[in-house]
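Okay, so chain A shows up in both of these, paired with chain B first and chain C after.
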Partner chain A sequence: MGSATRVATAVHVADQAGWEGLIRALQRTHAVWGPVQEGERVILKEITEPAALRVDVPPTLLPTKKVYRAPRETLFQFSRKQARAAPDSGQREAAAKPLALVGIHPCDLKAIQLLDRVFTGFFVDDRYSARRAQTFIIVSNCTTPFRSCFCTSFDSGPFARNGFDLAVTRLGDRYLLQAGSPAGQTFLAVLDFPAASSSDLAELVTAEAGARQQITRRIDTDGLTRLLNMNVDHPVWDEVADRCLCCGACTAVCPTCYCFSVRDRLNLDLETGERQMDWTSCLIMEFSQVALGHNPRHHRVARVKQRLYHKFSYFNDQYGEFGCVGCGRCVETCVADLDPVEILARLR
Partner chain B sequence: MEKLMTPRPAVIERIRPETADTLVYTLRFAEPEVQQGYTFQPGQFNEISIFGVGEAPISISSDPNNRETFEHTVRVVGNVTRALARLREGSHVGVRGPYGKGWPMERLRGHNILLIAGGIGLAPLRPVIQDVLRHADLYGSLEILYGARSPAELLYVDEYDVWDAHPQIRLRLSVDRMDGTAAAAATAGGGAAGAGASNGMTGVGVAGPASALAGPQVMAERVKRATVALERYGGQVGPVTVLFDQMVTSPRGAVVITCGPEIMMKYVALGLVERGWSPEQIFVSLERRMECGVAQCGHCQIGPLYVCKDGPVFCYKDIRYLPEAVF
Partner chain C sequence: MGTNGKPHLAVYKLSSCAGCQLQILNLEDVLLDIAGAVEIAYFPMASRRMDPGPYDIGFVEGAVTEPAEIEKVKTARQQCRVLVALGSCAAFGGLPSMKNRFPQHEVERRVYQRPDWIHSVAARPVSEYVKVDAILRGCPIDTSEFLELVKAVLIGIRPRLASHSLCLECRLQENGCLFDRTGCMGPVTAAGCGALCPGLGRACEGCRGPAEGANLAGFARLLEAKGYSRRDVIDRFQKYAGAEPSMAVAATALAWEEAHA
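And then the complex of A and B:
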C-alpha cells in the first residue's frame, strides 16, 4: 500500500461552494448518486440538491450494487402464447442519463472492481458492463473511519488507489480533488480549481496515515485460506450457526454478495409477463434446494460456512482476491451481533 | 451484444414417452441460423424455458453429430418439467446453451470406456454412446453398466439391442427391485405422483391428465420389453455396483464416466478405487441448483467450483475432498 501506485496527477482544492458547483456541473450530463443522511441512516440515492450529498458519513445502508444490479431487475418481457422473449428495445437504458457515483467509499469502489470480475470475468453480462462503462466515479477517501471498519485488512481503504475518475478528500472546509482517469482529468480541468498548496498536500498525507492508524480491527489474511480449509469442522461454526437467524440481512448489505434468483412473473392478463432476477442469499434454506426436496445445504451450519468460506476462501480461488472489502456493513446489520473479525480470530 | 440469459425460441418436433415420468423431446431452434450455429459436446446442458413458469437446466441427450435437431430427456419432478410434459409437438419453448464442461472427449478417444449410469443419469451419457456408434474407429471398447430403480424406469429400452450388437459395446443392466411388472407399471403414474405430492402435485399421473407421458397400456408394453432386456443383458437386482462382478473392462488405459444420484456415484467411485482404478481415471457429472448457467447467480457452487461453468463433469480426483460434495 502507499501513494506510489496512485495515478500521479495534480491535487486541486475546492471550497464548499466549489464542490457543490462540481456536482451541479456533473448533474448536467449524469444522474448523480451519492450518500445522503436520512435520520439515523445513510442512504445511497440520486442527488437533487448538491448540499445533501455527504462525504463524511458512515457507509451507505446498501452499497453501490443497488444501482448496477438492482434488488430486482427485469431480464426480458415475454408472451406465453408466442413462447418467446421480446427483444429488449434497450430504450430504458438508452433514455437514462449515464450514472455518476459521488462520495462512495474506497471499500465500495474495491467491491465494484470485484463485482466486475463476477459479471464480466467468465461470461459478460452486457447490461452490467454497459452500466459500468458509462459510470463516472468520485471516490471519497475516509479520514474518519467508522467503528466496524476493517478495510486495511484487504487493502481496500481508507484511501483509494485506482479505479476512480476523481478522488475527493475532505479536510475541514476544503475538498481536495485528484483525477484518476483521463475523463476525470478533463472534467477537473474545465472547473479550474486552484492547485493545492504544499501544506494541503502534507495534510493529505497525514490524514491518510491518521485514518489508517484509527482502523484497529483486523482480519489476519496471512494463510487465511489454508487456515479455513484446515478448520472446516471447528466448533466455532456450530456456535455461529446457533446464533445466526439466517435472515440474509448481511448478504443484502454486503457490497460483494452477488447471488440472485430468477423467476417469471405473469401480468394480470396471465398471458404476458417478465422474467426477473432478485437478490437472494446463500443463507436461505431454499437457496440450494433442488426438486423433490433434496438440499445439499439443508443444515444451517452448512449455510453459515458457505457465506464465510466464500468470502474468505473460495472467492480467492475463483477471482484471485478475497471477497470481503472490510466495509463493516454486515457487522452493523447483524441482529445476532456476528462479526467476521471475531469469528475468524477464533481460528487462530 | 447477445443478452446472456435470453433464450431463443425452439420448436418441439417430437415427443416420445420414455417412462411413466420421463419424456424425450426432439427440438430444433426456430431460427435456422441459430440451429445452424448450434453445436454441443456430450455432457453439456441447455437451459429450457417455459415462459411464465421458469427455467430448468437439462442435459442434452442426443447424438452430437446431428446438427438438425437435439434431444432432451426430462423427468417430471416440479414446475418447469411438469409444464413441459403438458406441451404438444409443434409447441415452442425457450432454449439457451450449451453450457458447462462435458465429458473428456479427447481423453475418451482411443481408450476403453467404462460407462456407469443410474436412472435419469443415462441421459447425459447417451451422446457418448451415440458418438461411439458413429465413430467406432476413434474409440476402444465401451462397457455400459446401467441401473434403475425398477424395470419400469429403465430408459432407452428400445435402443439396447443396437448398442449391444455393436462389436465394441457391451451392456449390463440392474434394477434395485423387480416390482416393475406390467401390473405395477399400470399404476406407475400413481406412484410417481405420490413422489411428487410433496411438491404440490396431485391427481392423475405425474403431470396431470393432459400430459404426454406414457399411460398404463403403453407402460405395460414397455415393462415387458424392459423385462426381456433385463434377462438378455445380465440383469441383476441391487444397486448398479452389483454389476462390478460381471465387469470386463480393466483399469489399464481405460476411463470411467458416470452419472446418477450423487450417492450412487460415490459408491461407484469408492468401489472402483478398491478394484484398482485411480481417481484420476474417473469422471462424474454433478447436479446442483442452477438459476443462470453462466457463473453469476451463485446457486450451483461447491467450494470454489461453479458446477455450471467448471462442470457439470468433474474428474473424481479434483472433487473427492471438496468439503461439500458427498464423495
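And then the complex of A and C:
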C-alpha cells in the first residue's frame, strides 16, 4: 500500500520496451491488473501481455473496487445440521499472488483511499484489508482528460498526489516514472531507468497544467453539504426523479459505492450451501425494504436523493470528505443523461 | 406429501409454447437431485405417469386464453398448496397478450378460417383468475431461479428473486451499453436472467416484465426523445407484459395521448 505522504524522488524515463519490461518484472511477483481495451469497452482485468495494458484510455467500465470486492463473492460454505462454516475464503486469498494495479487513474486511486476509510476504519473488513494491504499501485496521471471528468472539484486528479507506489505519466512515446512509496522506490531502483532530463520535467509540469485546464466541468463544493441539507425539498429532486429510471447503473459503476447485500444459497440437498455477497444499489426498491414489506424509500424521489445525499452530504458527515471523485462514470453510463454536475448546480 | 414423504410437484400447461417446461427438463445436471427432493407427480410433458392431487407445489405455464383454461387454472389452485406462475405468459400474459389490444373477433378472423370454432378470450395472467403465490419471470424462465424457488418452498422460506432493473446486473457483467443504439428495454425490465441478451450483444426486449417500481413514464419520454415513435414505444411496452397492470396503464396512457393529441 502506498504511504500517505509523497516521497520526494527523482523522475525516471522509460520507453515502450522499458515500460513493458517493468510490467513483466512486476508480473514475476504480482498478479498485474490494468485497463485493457476490448472493442469499444475498457475493462479492468488481469494482464497477461504487457502491451495490452493501456494507460491512455477512458475510465474502465467497472472501477477498481471490483478487485477488492467482486460483484459476487462467496463468504463461506455452511452446513445447516452441523451449524458449521468452512474457513473464510479470505485465508485462501492470502496464499495467492499479491495484486498490482497498474494504469489506474488518479480519481480511482482516490476512490480506493475513500473505500479504505469505509472498510479499514472503525469497522475492519478482513477480506478487503487483506487484499488491499498487499496491493502495489502504479497510478497513471491523466494528460488528456475525458469528456465527463470533473476530478479537479475533489482534488482527485488529473495528477495523483499520494497513495501510490509509482506514478506514470505518458508523454508521447515516453513513460515518466516517479516513486511514491519506499516499495516503489526500491522497485524503480532495480529497473535502473535513466533520469528524466530537465526538458522532460518541464513537459511534465506543462502536461499537468494543460490537463487541469481542459477539465471545465466542475461541482462547486463550497458549503455544498449545508446547501444540500437546506434544500431537501428543492423542486430539482422531483425533476430528477421524473427522469431517473432507478436502474442502478450509476451505483454499479461508481468507484465509491460500496453497498452490498448478503444471501444464503442452499444446495439441493437442502442441507449444505454457501453465503454470498452481492453488490447492490440504493436506487432499487429492495434495498430499503424491511420485514413485513415497509419501505421508507418507496418513492423514487427518496431513492434518488439518498444516492446524491450520501455522496455529497452523509459521507462528508461521516468521513470529512465527499464521497465522489469526479470520474464521470455515472454520467457516461446514465441512459437518462442525468449528471450530478448539472443537478447540484441547480441548487446554487 | 406423498406416501414416501417427499413433496409432490405438478406442472400444468395453458396457452404457451412449452419452452418454460422445457427449461425444467434442461436442468439435466440436477434433474436427478430434484427427483430426489420432490416427487414429480404430474408433469404430462415429461412423464406418462399422472398421480392425482393434491400437490405441494404446482407450476402453471402459459396464459389463460380460453374458458376451458379458466376452469383448469381454478382446479390447479385447488390442487396445489403453493401455486407458481411459470414464465412470463403465466405471470403477465406474455406474448399471447399482444392480441389484447385488438378486438377478439378481429384477431380470430386474422388467424382462423372458421372463427366460429374458436372459444378464445383475452390473454390474461394466471393471477387474473386465482391467487398466485409466486411468479417466475422470463421467456423462457431462468433455470437457477426455478431452483431457487423450489428450494425456498421446500424449506418454507420466501425465495429471493431479483425484481430490480436489468441494468444493474448488466453493468456488473461489464457489457457495453446497448441503449443508445437499440432502445434496449433493460432500464425498466426486471433482472434475474444474467443479462443474457445484452451479454450477447442483443438488446433486451423486456421478456421478464417490468422491474419493481419501474419508471415507465420516464422511460417512454426518453425513448421518444431518442426518436422512437409513440407506436414503437407502445409496441415495446405491450410485447411481453402488456397485461401486467403498470405496463397496461402506461401503454393505455400513451395510446390515449396519441389519440387525443
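The definition used in the following text is that the second predicted complex is superposed on the first by the 338 of 348 C-alpha atoms of A that agree within 3 Å, B and C clash if a C-alpha of one lies under 4 Å from a C-alpha of the other, contacts with A are read in each partner's own complex, and residues count from 1 in each chain.
Basically, a contact is a pair of C-beta atoms (placed from the backbone, for glycine too) under 8 Å apart; a residue touches a chain by one contact, two chains touch by 3 or more.
Quick caveat, the model's predicted, so the values are computed rather than measured.
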Chain A as common anchor, with chain B and chain C clashing or fitting: fit
Touched partner set for A:F122, first chain B, second chain C, both or neither: first
Touched partner set for A:T29, first chain B, second chain C, both or neither: neither
Touched partner set for A:P71, first chain B, second chain C, both or neither: second
Touching partner for A:G39 - first (chain B), second (chain C), both, neither: second
Partner chain(s) touched by A:T48 [first = chain B, second = chain C, both, neither]: neither
Once both complexes are placed on the shared chain, angle at chain A toward chain B and chain C, C-alpha, multiple of 10 degrees: 60
First, second, both or neither for A:D317, with chain B first and chain C second: first
Partner chain in contact with A:R300 - chain B first, chain C second, else both or neither: second
Which superposed partner A:V232 touches (first chain B, second chain C, both, neither): first
Chain B versus chain C as contact partner of A:R263, first or second or both or neither: both
Chain A: partner with more touched residues, chain B or chain C: B
CA minimum distance (chain B, chain C), superposed complexes, angstrom: 5
Overlap of the chain B and chain C footprints on chain A, listed as residue numbers: 263, 266, 270
In the complex with chain A, residue positions of chain B that touch it: 1-7, 9, 49, 51-55, 77-78, 81, 91-94, 195-196, 198-199, 287-289, 291-292, 294-299, 301-304, 306, 309, 323-324, 326
Residues of chain A touching chain C in the complex: 39-41, 43, 61-62, 71-72, 242-249, 251-253, 263, 265-266, 268-270, 279-281, 284-286, 298, 300, 333, 335-336
Contacting residues of chain C [partner chain A, same complex]: 30, 33-34, 36-37, 147-148, 151, 154-155, 160, 163-168, 170-177, 179-180, 186-188, 211-215, 217-219, 221-222
Touch list for chain A against partner chain B, complex: 75-76, 78-80, 82-85, 88, 118-119, 122-127, 229, 232, 258-264, 266, 270, 273, 275, 277, 282, 287-293, 296-297, 302, 305-306, 309-310, 313-314, 317-318
